[in-house]
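Structures follow.
You will see subunit A twice below: alongside subunit B first, and alongside subunit C after that.
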Partner chain A sequence: MNTIAIRNLTKRYGDQLAVDDLTLEVEEGSVCGLLGPNGAGKTTAFKSLLGLLRPTSGTLEVLGAPVTPATFESLAFVPERNDLYEWMTVGEQLALARRTYKTFDPKRAAELGALFKLDSRKKIKRLSKGQQSAVALTLAFAFRPRVLVLDEPSSGLDPIFQRVALDLIIDAAASGATVLFSSHQVGQVERAADRVAILKDGKLVLDGNIDTLKGEEKIVEAVFEQNAIAPNGLASDPRVRRIESSGRVLRAFVRSDSAGIVRLLEAHNPKAVSVYDLALEDIFLGAVAGPANAYGEAS
Partner chain B sequence: MPAVFSIDPRSGVPLYLQLIEQVKRAVALGTLAAGEQLPTVKALAVDLTVNPNTVARAYRELERDRVIETSPGRGSFVRSDEGNADVRRAVEDVGASVLAGAVREARSLGLERDTVRALFERALERWFAGNDREDT
Partner chain C sequence: MSYVELLRARNIFRIFGSVLTAIVVFAVASILFGTHFGTSVHHHVVTNTNGHAFHINQEGSSALQVSGGPDDSLMRVPLEYLFGIAAYAAIIFATILGPSLNKENDGYGYAFTKPVSRERLALEYFGVDLAAIVAVFAYTLGLLLLAIWCLGFFFKGQVTFDAGAALGISASGLGAAFMWYGLLQALTSWNHVRGGLVIGLSWVYVTVLAPIATALDFGPGFHAVALAMNYINPLAYYASITEKGHEAVVESLLGFSTGADIALTWSIGIVACAVAAYGWKRLEV
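== the complex of A and B ==
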């Protein structure tokens, strides 16, 4: 079952298209990392999913049904800007959550508070942005929700607490929770998620299992005796995202079947052909930068 | 004692493949002994700070390759069949992929087949000194 289902979501603000026909489904137990430049539509997609924004069109479901207040008994949302009660102390905020959520686990909350070194007597408004994020994460994870939607969960956190936040996501996933989180840090997605979705200008430009993408997305580089000339049809080959050539070197950015592309290039008598792996960061940058038609549909 | 695996999430090599290779290597080197228990998926995921589904995928493939076996409720163990041909084959797998990588690199440098063979023979001689040397 897909625990989170965003289907054909479009959100328009006036004449600006914030999210453009986005379909993204996250299956039960999966952790999906959402990457994209600022303004790509990540926050709008989250808010639409959770009923905090009215979509222009589209179908949005969590646990097989549209989101209602009851959904929040099994779903935790950590927004990009925290929605804590600033006049409360950390302890009061936790006590409120304890009364609100049947499944709130005070022991777990105390553990998380200790991990993040939170002082329960401090007023929320006196905390740094990072500490406020830590409170929001403590609240979210302490009631052991089945679904977590986290909008930049580690913003403002120092590297040590960022690792704590990653550990929390991994621990929740290992207990069967489904997680959708956005981040600007590819390394976090690379560790915590099994799946990545990349948004650009409100559109989904790449989506898939991270290990599968890493296994398929390659650079095939051929060095020729003389100036490299791309074989006919290579640039429009469905297995090839784009090609670059400079001097005697030809590089093909391949989306699948690198071995087939190697054979194809070897038929043109290169001096040498090599295959290079792409890290998720390279895959991400390739998806959001470069020529507009390099990834996704051709223009 | 759980074996320590070193993986690099930032590498372009799929994580589950890195993990499979590491487990096979540990079995080959004996740092994971026959019959020894592996960490649970959850424990290893938390330990390495990587996604648990990725670890579970590696374990599934290791089971399919008959390197480990999982019994429900007890955990995953290195197989301890007599003579364990599967573990030996796993060791050969690791060796084969290392050698294939080396040959690929040599070829990508533009070296000819005969040159690569000569270099390989030289390396064999260096690391297997004292064995059969009659064919060189």
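== the complex of A and C ==
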């Protein structure tokens, strides 16, 4: 069952197309990471999903139905910009959550507060950006929601608490929750998500299981004595999806027969040729990179 | 979720109440201090809303001798005036609370991603705010009565009370407060404009522009514009007490009956709140 279903979502702000015919479905109990450069449409997609924006077209469902206020009994949202009441204390903010959610678990809230070292007497405005993110995460996870929509959840957190935030996401998914989250840190998505969707200019350019995507390609990297020039025919080779170069380094993103591409490059006397497994960062950069740093797509 | 507005109203009430208390305590203390420690004759003049001056004389003794009016007869404190002052405090407080829905629009997500519909949330906010406005009215009235008691007026039988006038001025004042509150909500709930700016502009409109327009006489056309301006001016409906003979008469600028003033202010307030709730529901954040 798809817990989150975004179908053919288009959102325009006047003449500006923010999201263009986006279709994305997230299965129950899975973690989907949404990646994309700034302005790719991630936040607009989240806000449309949650009913904060009216979509220009498309259908949006959570738990099998359009989002209504009742949906938020089971759905936690952490916005990109911390949206806590700055004039409240941490304790008052937690008291508000306790009064709002039937399933709010004060014991869990206390555990999370201790985990993030939060002082309940402190005013929100006195907290650092990272501590405010920690409060937002505490509020989101303390009522054990079935669906979590997290827009840059670890924004401002130090590396230790970023790890805590990731553990919370993984733990929630292990308990059956469905998570859709965005991040600029590809490593976080690689660690926590089982699926990735990549947006560029409002369009979904890649969507799939991370392990499958990583297994689909290899990187063949050649280092030359002088500035690298792609051998004739390499860019149009059906085994090669894409080529990029930087100074003396040439990288070919190879769909199949990486050994054959290695032999092809070795014929041009490189200093070294190596073959790497694809990392999610490579997939991301490959999906969003413009023509400026690439030779272009293979046909 | 009304908890948010409850805390917000409480915080504003704390500051507002503190300022109000400080002003009253200072006024009472300055009268008493002058009364007890002065060695020469001091005159304290308190002017009521009608312009009558009440003189409080002291001639080196600790006894408070009070006189009022040009004939220096025993001072009379009509308690219904205190209701008018309390209502005015409620009006000021109502304008501070006015853009409470707009405050949720500063950010996005929190107020709008909770298991409560925006209509219900708006109703809860209106309810809490209205209760807080009435609480300020009651607090101010209590404070003023306490001040009168501290000054000894109750013991000397110098207080008078016209229940009809007190009821009229209270209902009219609270109606004006609610009307102003509703208009501020309607102006700010559906957008991201800064609520404080709108509060300030509304005070300029009500206390400067509308009275100037009313005072100027540029012919019937301009008079019609001035009248139209006053129909959306809450203070134009706020009755004041005037004394005709020995009767306290409650009158407003617009010249309607007190009952009509009260009905109009509350009706405009309710309609404005409904418009505000509708605009807030449709707001994209």
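Simple rule for what comes next: the second predicted complex is superposed on the first by the 234 of 299 C-alpha atoms of A that agree within 3 Å, B and C clash if a C-alpha of one lies under 4 Å from a C-alpha of the other, contacts with A are read in each partner's own complex, and residues count from 1 in each chain.
Keep in mind that, in the parts below, contacts are C-beta pairs under 8 Å (C-beta built on N, C-alpha and C of every residue); 3 or more make two chains touch, one makes a residue touch a chain.
Since the structure is predicted, the reported quantities are computational estimates derived from the model, not experimental observations.
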Touching partner for A:Lys47 - first (subunit B), second (subunit C), both, neither: second
Considering only touches as defined above, state whether A:Leu96 meets subunit B (first), subunit C (second), both or neither. second
Going by the contact rule set out at the top, does A:Phe72 touch subunit B (first), subunit C (second), both, or neither? second
Under the stated touch criterion, which partner chain does A:Leu84 make contact with: subunit B (first), subunit C (second), both, or neither? second
Of the two partners subunit B and subunit C, indicate the one touching more residues belonging to subunit A. B
With touch defined as at the start, can you tell me which subunit B residues reach subunit A in the complex? 9-17, 41-42, 45-46, 49-54, 57, 104-105, 107-110
Residue ranges of subunit A in contact with subunit C within the complex: 47, 50-54, 68-73, 75, 77, 79, 81, 83-85, 87-88, 92, 95-96, 99-101
Where on subunit A does subunit B make contact in their complex? 29-31, 163, 166-167, 170-171, 173-175, 187, 190-194, 210-212, 214-215, 218, 223, 271-282
Subunit C residues within the subunit A interface of the complex: 1, 3-4, 7-8, 11, 107-110, 112-118, 284-285
